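The same chain A turns up in both complexes below, where it pairs with chain B and then with chain C.
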Partner chain A sequence: MEIGPILRALSRNKLGVILISLQIAFTMTVMVNAVFIINERSKLMARPSGLDEPNTFYLSSTGFGDQFNSQVTERDDLELLRNTPGVIDATPTNAIPISGSGSSDGLRIENDPTLPATPAAVYFTDEHSVNTMNLTLIAGENFSASDMTYQSSNERRYYRKAIVTLALAEKLFPEEGLAAVGKSFYRDQAPVQIVGIVERLQAPWPNSFFVEQAMLVPLNFTDATSTYLIRTEPGQRDRLMVEIEETLAGNNPDRIIRGLKSLQETREESYRLDSSMATILLVVIVTLVFITSMGIVGLAVFGINRRRKQIGTRRALGATQLQILRYFMLENFFVSGVGVSIGAVLTIAFSIALSSLFEMPTMDWYYTPIGMLLLIAIGQIAVLGPSARAAQIQPAIATRSI
Partner chain B sequence: MLEMKNVRKVFRTDMVETCALDEFSLTVDQGEFVTITGPSGCGKTTFLNIAGLLETHTSGQYLLDGVDVSQLRDYARAKLRNQKIGFIFQSFNLMPDLNLFDNIDVPLRYRGMKSAERKERVDKALDSVGLFARKKHVPAQLSGGQQQRVAIARALVGEPLFLLADEPTGNLDSNTAKGVMALLEEINDSGTTIIMVTHDQSLAEQSKRNIHILDGRISNNTEQTQQKAAAAA
Partner chain C sequence: MFLYYLRLSALSYRRNPILSSLMVMAVAIGVGAYMVIFTLNFVMGGDPIPQKSDQLFHVQLDSGNPNTQDDPPKQLTYLDATALIQANSAYRETATSKISGILEPEGDGIRPFSIVGRGAFADFFPMFNTPFLYGDGWDQSADRDLQQVAVLTKELNERLFGGADSTGETVRLHGNNFQIVGVLDDWAPVPKFYDINNGAFDGSEEIFIPWNLIIPLDFPRNGNTNCWKTPEAGPDGFLNSECVWIQYWVELRSGDDEAEYLQFLNNYAAQQKEFGRFPREMNNALFNVEEWLMKEEVLPNETKILSALAAMLLAVCLLNTIGLLLSKFLGKSGEIGVRQALGAHKGSLFLQHVIEAGFIGLLGGILGLAIAAAGLEGVKVLLGDNLMITDWIHLNPTVVAITLVLAVLATIFAGFYPIWRACSINPAIHLKTQ
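Up next, the complex of A and B:
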């Protein structure tokens, strides 16, 4: 191995080494941090809402005119929906998970408004919500029809029972876990009893810090607008979306049906910014890695062309083709090594800066060494072709005068 | 030691076929100092390249230390070059980015020799050409004559079977050239075989044997007496 001579020779050609090393360092800094951000976004996007998303859709009914009776219409609509072949269940709701729009309440475990409140998303719905949303009830029980209360959305909201997510139960009663069933919390100075706990149900706001803290409440509004969440049997959703929209619109001339959308569409819309950012970052990574690879190839080709006679001389002095190949691969390894070492420092510094400036999570330790290895591997792959061509240089070139 | 029988070298392009060496037969024995002379384009460098295993010949037989090199693959030829042949080039061909020690060390590294033995040999070779004190210098810090002495040390460090010198004084002034020639004669006197290509007839006359090439063939193969050689010196 020619480690010593290669390092000494590189130290006499500092400018080229520094420039390509800085390029590698910069690429590594951007690449590793971008991959981390993409992974974080991917994790966010991959979180389950708790619902049977592929088979769930929703729509709204808005009545108009003096003849319109919202309570009767909603009752008839829900009966029709639940009896439609292919529909598993349907429920009224004020909000759709991960849609970006909904209601929240501040909850306290003591009736003292001066204490800090725990935020939670509230879904005003009925006893069909657990089944419609395909939630897993892990403790307690579902609502019954007799639990339901009806009021206008303009009135002060009043409810006595709630089914909460496990995350909310653990937030309110950290020591209790599933034993939080039967306990009460206070909202607006009124006690609410936890009757059940579901494994998971996300809030309407996917980027909220309390996205996993949500609850179902047996309350329905008597307003002119009702939103229905509908779960279908697998493979029936698209057909039923069309059929149900037409049926509901046709059986009552005093209202309009709007906002027909599947939960999958809602997810795509809610996470569009995240997925766009991931795509942009991916393009940046690929572009940077490509440019850096071309830089490495360019430097290698330039170095080889400049040293053709030297290579011929080395061959004349007894170097095998493999030894010539190894020489240039090693040379690149050291240049890349300097680059990724500087890059490691910059990557960590940049990550800390991002973390403190944008309140992002701290990057896991393994990103940096993986990034280093990856860039060294990319460098070795990039320089393999030029090195192989260098190994083909004939030893007779050593005796040529030009 | 070196035996060529009816060696022929033909360079072919799409349009032209050039015969650089034709029916070339030559034997060089251990301890000889042979000079190869001839006009430009006569085939001197082609002979040197074939003798040094830098190029393959088209036909004929070439035995190097009893080994027929005609069918050897690239790897085996590289190993033979490394172990049996020392090269001295007209332009010295030193690595500009390496210091003198590393330059002379190059062929030993390709031989896979251990570090301690390499160091001993390189130091000795540098000492033999009077440049031990400058072993950390790079070639650009030396004169042309000094650089050629480094190249000679590099050629000798592996204790080769013979030295192949390609116009070793071609880039030197006459005084420096004399010094380099004296060094080569000293090396030859110690038993190392030297084959030197030159266009300088006065230098050729200092060798023990001169071979004159014309149009790819040996036109003259002259044994020279020591007295004549001494007189020429």
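Up next, the complex of A and C:
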């Protein structure tokens, strides 16, 4: 092996080594951290909301004028929706999961406002919500129609029963598990009883720290605006979105129908920033790898051209083509080795900076070694072409133009 | 001499087109990518109202929950907003908040539609330098007398009146007629500093009405409402509650005014403490526009992270350029040797190559502008229509200038070492092999 000569040759071309190894180091820093960010974002985006997203949509009805009666309208609308063929169920709600807009409350297990409260998203809805949202009731029971209360959204809110998510139940009553059913918590200094626990239902805010803490409450607002969440049989959603909007808009001149949207569109919009970030980062990674590869090729070609005569001499003295190829591959391996070592330090430093500045999770340990291997592989691939051409140099060149 | 060197640069480019084009590309990609992120940071982190951002102050009164230790609420309660308006202690001031309502156009041409509007005081328009296409804002008497007047945005005027001068016409909103007194020209400050509660990069509301009408006409509130204490029962329960939902801005003309106004706020809070309100320690605050945007960290983390990554991308491109310049200039050793032998100064050789590097940088910068423009267009497509207003995402003159200067300077900087190496060659060696 020609490790000795390679190292001695490299030590004469320090600048070349520095240039390439720094490029590799920066490329690795950006690539590894970017891949980590992309992975984190896709993990966030992959969390299920608990709903039957592909088959669910929603719309709002807002009444105006003196003749408009919101309670009658809502009752008629819901009856119509639930009896529409293809609709599995429909429910009124104040907020849509993942949409980014909703209502929250602070809950306590003791009636003492000075104690810290557990935050939870509140869905003001009715007894059809569990079925419409396709939630799995794992303990307790659903509301009944007689649990429903109706009031204006500006009034002091009054409710005595709630169906909570398992995450919320565990937060309020650690170690009780499903036995939290039947227990009460306090909100606004009044007790609320947990009548049921659902496996999962996300809060409307995907970036919230309490995104898994949500509850359903049998309360409905009598305001002029009602929002209906509608679940359809598979494959019926797009047809029903059009038909239901037309029917509702046509059957009452004193209101308008707005905000028709599927849950899939809502998810796509809510995570738009995350998906944009992922795309931009991907473009950055590809660009960087391309530029660094070009840099490696460029400097390798330059180095080989300067040493054509030496290569010819070595070949004349009996070195095989494979040995020449090996020489340049090994040379690149050493330079890359320096690069990824600096890169490992930079990568970890940058990731620590990111997690401390932007409250991001810390990077898993395996990202750095995988990044190192990957960049060495990229370097070897980039230098393969120029090395192969170097191996083609004729031994006869050694005898020319002396 | 400069032109001569420039011609030499062009000649040199043509002699070694592949290497030179690679350099131009490396500079272009690095600078282009960096400028995409720079533009986002520059505008999103910029000053939305540079003429008077140090005279406009966001008011915070600490009416918050005594059991938590967070910052004072970002908005005011109804009690406090109305009290401050009545005290009338600032040069200009406005309480303001978002509303929504159904707008019923006249005739059968357009169906009623839902609209987001803003309640404001007369001072809102002169305070925030809103541009008017037709008419003007309303008078302070309109605020006092609860006159039903409205200012429309250009888009809404377009939709309702086909863009004609609609001042004097009426528009029916939330079941009430409003007389149009003014139509705004394009106005969408980025960030939307006057209300960052529901997205700092949202567009402006479509219709403006006197804020004093919100309660009497029972307009639905649109925006954030935060209550640390549940309102009492009854119709006035909400108005007398500790729920915050109103933004408050004052315009002050000097530093003394600022201290004086803060003192006024503290006095007001002390007085409220006597009524049993404001249970926390006194912590009222005045922030000017830039301080407020900084404090609320409106610049998304994404763009901050991206700028660090883009800087590294630029660094890689420049390292690349150093390597390429080294190859190129060392390849010219023969020519340099001849020139030196013929008596050229080291200084003029140096200058010649600085100009050559700058020439390459300039080409890279121009190509970089194209990359940046394409990149910004891509970002716009990625963000889509509904997330935020994206009209500002394009190259602006400042960014163009910065791009070109950055490209030239960075390439010259990258060229220093290669040039120094090339110019410190012993000419004798190269003359020998000629």
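One rule holds in what follows: the second predicted complex is superposed on the first by the 401 of 402 C-alpha atoms of A that agree within 3 Å, B and C clash if a C-alpha of one lies under 4 Å from a C-alpha of the other, contacts with A are read in each partner's own complex, and residues count from 1 in each chain.
Just so it is clear, a residue touches a chain if its C-beta (ideal position, glycine included) is under 8 Å from a C-beta of that chain, and two chains touch if they have at least 3 such contacts.
Predicted model, so just to flag it, every value in this text is computed and none were measured.
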Superposed partners chain B and chain C on chain A - clash or fit: fit
Touching partner for A:Thr320 - first (chain B), second (chain C), both, neither: first
First, second, both or neither for A:Val284, with chain B first and chain C second: second
Dominant toucher of chain A (residue count), chain B or chain C: C
Partner chain(s) touched by A:His128 [first = chain B, second = chain C, both, neither]: neither
Partner chain(s) touched by A:Ile20 [first = chain B, second = chain C, both, neither]: second
Contacts of A:Arg12 with chain B and chain C, given as first, second, both or neither: first
Least Cα gap, in Å, left between chain B and chain C after the two complexes are fitted on chain A: 14
Chain B/chain C common contact set on chain A: none
Residue numbers on chain C that touch chain A, as the complex places them: 19, 22, 26, 29-30, 33, 67, 102, 104, 111-114, 174-175, 220, 230-233, 237-238, 300-302, 304-306, 308-310, 312-313, 315-317, 319-320, 322-324, 326-327, 378-379, 382-384, 386-387, 417
Touch list for chain A against partner chain B, complex: 2, 4-5, 8-9, 12-13, 309-310, 313-323, 394-396, 398-399, 401
Partner chain C, residues of chain A touching it in the complex: 15-16, 19-20, 22-23, 26-27, 29-30, 33-34, 37, 62, 64-66, 113-116, 154-157, 188, 223-225, 256, 258, 269, 272-273, 275-277, 279-281, 283-284, 287-288, 291-292, 294-295, 298-299, 302, 350, 354, 357-358
Residue numbers on chain B that touch chain A, as the complex places them: 45, 48-49, 52-55, 74-75, 78-79, 81-83, 87, 89-91, 93, 95, 97-99, 102, 105-107, 109-111, 138, 154, 158, 166
